[in-house]
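Okay, so chain A shows up in both of these, paired with chain B first and chain C after.
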Partner chain A sequence: MKVHNVFGPVDIAVSGMRAQGQNMEVISSNIANARTADAGQGQPYRRLETILRTQAEGISPVLVDEVLPDQSPLQSIYDPGNPLADSSGFVAMPNVHLPVEMMNLAIASRSYQANAAILKRYQKMVETTLELLR
Partner chain B sequence: MPQPVDIVGLLESGIRAEETRQRTIASNIANLETPGYRRLDVRFEELLTKALRSRHAAKAGDVKPEVFEPAGTVVKANGNNVNMEMEIGAMLKNASRQTAFVRLLRKKFSQIENAITIRE
Partner chain C sequence: MIKLDPNVHPTLPNLQPSPAQAENAGAPKSDFLNAIEAAGRYVSKVDDLQQTADASIQDLLTGKNNDITAVVSAVAKADVSFKVLVGVRNKLIEAYKQTMNMPL
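This part shows the complex of A and B:
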């Protein structure tokens, strides 16, 4: 007898909220470190990106698969007075672009709200069903 | 041979399990920021299934809910693995289950009362 892994709407919505919460942590790290020229080992901060995946096939909760560094090129700012400047006077800066991060933040927070709305609506549905037992 | 279903016993043990679960959820939420705290959960449904399927005539009322520390949640840097959204989801499920059990129990009792009350 095949047993299907049945996920209820509550579990799935909660997983969405958790994933977006972790996504927001990543976004806030990017924003906070948008101008961090030294993140250790002589390298500036490199933008991080959240990779999501499903937990199962078909109807499934979402999980944060990995948080990976963005491999797009770092920015290079001409600032010869900076103690971190190289011989040509350029300083490597993070590949973080604030408009992109703010857009991602808006998307993450809308997604979080949508998942919370599912929780609320589902709760109302269950309460309606339970009213039948009064 | 299947055992006769003790509805009142099942519902009562379900209510007890949900009460225990509510306490663990409250403890988890209260310790949201406590360093080193691991979240608690209640093991009950599996124990109940096992007891009902066993050959011994185990009553539903004998199955006690067990509080345990589940593995599998991400542990933050301060050793704490409580996640607010997960506890809220657990709270919603707990509240609706408890309401369902209590109302079903009340229906069952009024059914029994109807059966034993002689109406003039």
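This part shows the complex of A and C:
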């Protein structure tokens, strides 16, 4: 495994920031659609999950591989007045749980910060090296 | 394994310039010229990175591209390479000035 690219850390840290940004987009979609009973085709919104993978084997930037729907059972709430309610008065609601989403949001934002910190620290390291040139 | 001679005295009389140094002193002009030409070649490469950074900023501002992290990456790379170039240039100019101010 070779480590020789001066801009490698920059690329990897930026890829992490980008992936977490896209993750944040998915989480915000989950939260915005937490009560969406109809997400097209009459089905309630299904919670989405980001799948990350490395670009190559070994030292490598990260990529958002896929955004897949969560297949866990949908919530069913009792709301007889709802026009979408079935004969017994239940409405199918998305399988989004806000506390879980808030947790994922905290993880995503911390991860973004960590990647940004790496980028900043690496730039400082390079600057320290360039100081020797003066 | 590095061979260390504990006896320093035999090395002391050899303080006169070694043959290699004397050889270099014979053609310092071309060496300096080479260094400047090498730095000059990198100017266009650094400029390429600057252009890329510029283009990515423009793409972001005009809405062609929404990826702000790409701008960060391009600008960081352009910044580092430019700083390296400026550092090398300053060193070269310093060397030139020192040579020129040498009392003859």
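The rule is short, and it goes like this: the second predicted complex is superposed on the first by the 127 of 134 C-alpha atoms of A that agree within 3 Å, B and C clash if a C-alpha of one lies under 4 Å from a C-alpha of the other, contacts with A are read in each partner's own complex, and residues count from 1 in each chain.
By our rule, contacts are C-beta pairs under 8 Å (C-beta built on N, C-alpha and C of every residue); 3 or more make two chains touch, one makes a residue touch a chain.
In this text the structure is predicted, and so the values were computed from the model without any measurement.
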Following superposition onto chain A, is the placement of chain B relative to chain C best described as a clash or a fit?
-> clash
Regarding the shared-chain residue A:Arg134, is it in contact with chain B (first), chain C (second), both, or neither?
-> both
Is A:Leu119 in contact with chain B, with chain C, with both, or with neither (first, second, both, neither)?
-> both
Would you sort A:Phe7 into first (chain B), second (chain C), both or neither based on which partner it touches?
-> second
Is A:Arg18 touching the first partner chain B, the second partner chain C, both, or neither of them?
-> both
On chain A, the residue positions that both chain B and chain C contact, one per complex | 10-11, 14, 17-18, 21, 119, 123, 126-127, 130, 133-134
In the complex, chain C touches chain A at residues 67, 69-70, 72-73, 76-77, 79-80, 83-84, 87-88, 90-91
List of chain B residues in touch with chain A within their complex | 83, 85-86, 88-89, 92-93, 96, 99-100, 103-104, 107
Parts of chain A lying in touch with chain C, wherever the complex brings them together | 6-7, 10-11, 14-15, 17-18, 21, 119, 123, 126-127, 130, 133-134
In the complex, chain A residues that touch chain B = 8, 10-11, 13-14, 17-18, 21, 119, 122-123, 126-127, 130, 133-134
